[in-house]
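Shared between the two complexes below is chain A, which pairs with chain B and chain C, respectively.
Let's turn to the complex of A and B:
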């Protein structure tokens, strides 16, 4: 067992449960914070796994997640925020004004 | 602790994370909150597939489970709620117009 896998084990054991816990309670916007933290932790876990297993092809997963994670968070924030901003009364008010 | 034991420990932790997040996603009632939990479940499944030495499955799970499925759920929820709001529109318009003016 090398240090990379040890770091992966520590991060997966101590880092992910708070993310799942934060994503499982509260309102939808509060859950988004847990999802964002989980994306970051999983990116680091994937990169550490690529080093620990000595397979450089695993690093592509971390790179893809690093691209998809913030984009997904932006999509979530757009829809969750748009639901309160574009409420039917507000949209009609903007349409009239 | 050799590498095989460490790998089994990592797989066990990932399995527990998948079970917990899937149970939480099944117990959530609001579809919007369920979409966030489904994204977390996709991340946990990605870690599990990676630790099981299946990076291509993990890559497709990452793209589908983290990005596409929650996006489709959110689009569907918005479409349904907008249709419901348009259905009840004549009641709300008079009250809101009176309040705004």
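Let's turn to the complex of A and C:
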């Protein structure tokens, strides 16, 4: 096992569980943070795997995820934010709206 | 073990450490707006540092350029998504007016 695969193992065992935990609890908007961090960690893991196994084609997966991950998060944030602001305000109104 | 390999290992350890700290911060920080602080270091520091480590290890060439492009994409994408999540959270908490600019 080289250093790249060791870093992959560390990230998968110590880095991913908090992301999954954050993406699995709370309201829909709060889960977005866990989803975003999981995307970053998986992108790095794919790049490290490409170097660790000496398969340069695996890096293409990291490139695709680096492009599509933020796009997906933006779509989720747009949908959830727009839906929240159109919902009736049941909380205390902050400021003078 | 060459100097280039040592440099790559140092970048790898620092980048992995930043990613792990961000993951811990995502669980440790209680409020939704505080959790946003755990997202930006991972995407703007941790991910690019690991990609730099891989590029240094690969050496000059087309593969290193691709890794640097991935680092730039991760950094920009992380910053943009952090802003989008912050805005969505503010809308969810009813901190924004309905006629606020997009």
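Operating definition for what follows: the second predicted complex is superposed on the first by the 85 of 97 C-alpha atoms of A that agree within 3 Å, B and C clash if a C-alpha of one lies under 4 Å from a C-alpha of the other, contacts with A are read in each partner's own complex, and residues count from 1 in each chain.
Basically, a contact is a pair of C-beta atoms (placed from the backbone, for glycine too) under 8 Å apart; a residue touches a chain by one contact, two chains touch by 3 or more.
This is a predicted model, so every value here is computed, not measured.
Considering only the touch criterion stated at the top, classify A:70 as touching first (chain B), second (chain C), both, or neither.
In the superposition, A:70 touches chain C alone.
Please work out whether A:80 is in contact with chain B alone, chain C alone, both, or neither, and reply first, second, both or neither.
Both chain B and chain C are touched by A:80.
Quick one: classify A:12 as touching chain B (first), chain C (second), both or neither.
In the superposition, A:12 contacts chain B only.
For A:57 in the superposed arrangement: first (chain B), second (chain C), both or neither?
Only chain B is touched by A:57; chain C is not.
Check the residue A:32 against both partner chains and state whether it touches chain B (first), chain C (second), both, or neither.
both
Just checking: does A:3 make contact with chain B only, chain C only, both, or neither of them? Give me first, second, both or neither.
second
Of the two partner chains, chain B (first) and chain C (second), which one does A:24 touch, if any: first, second, both, or neither?
In the superposed model, A:24 contacts chain B only, not chain C.
Output the chain A positions appearing in both contact lists, the one against chain B and the one against chain C.
16-17, 19, 27, 32, 34, 69, 80, 82, 89, 93
Given the complex with chain C, which residues does chain A contribute to the contact?
Checking each residue of chain A against chain C gives 3-4, 7, 10-11, 14-19, 21-22, 26-27, 29-30, 32-34, 36-37, 40-41, 43-44, 47-48, 50-51, 56, 59, 62-63, 66-67, 69-70, 73-74, 77-78, 80-82, 84-85, 89, 91, 93-95, 97.
Note which residues of chain B are touching chain A in the complex, please.
Per the stated touch rule, the residues are 1-3, 5-7, 9-10, 13-14, 17, 20-21, 24, 28, 30, 32-33, 35-37, 39-40, 43-44, 46-47, 50-51, 53, 55, 58-59, 62-63, 66-67, 70-71, 74-75, 78, 81-82, 85-86, 89, 92-93, 96-97, 100.
Per the contact definition, I'd like the list of chain A residues that touch chain B in the complex.
1-2, 5-6, 8-9, 12-13, 16-17, 19-20, 23-24, 27-28, 31-32, 34-35, 38-39, 42, 45-46, 49, 53, 55, 57-58, 60-61, 64-65, 68-69, 71-72, 75-76, 79-80, 82-83, 88-89, 92-93
Can you list the residues on chain C that touch chain A in the complex?
Going by the criterion above, the answer is residues 9, 12, 15-16, 19-20, 22-24, 26-27, 32, 35-36, 38-39, 42-43, 46-47, 50-51, 54, 57-58, 63, 66-67, 69-70, 73-74, 77-78, 80-82, 84-85, 87-98.
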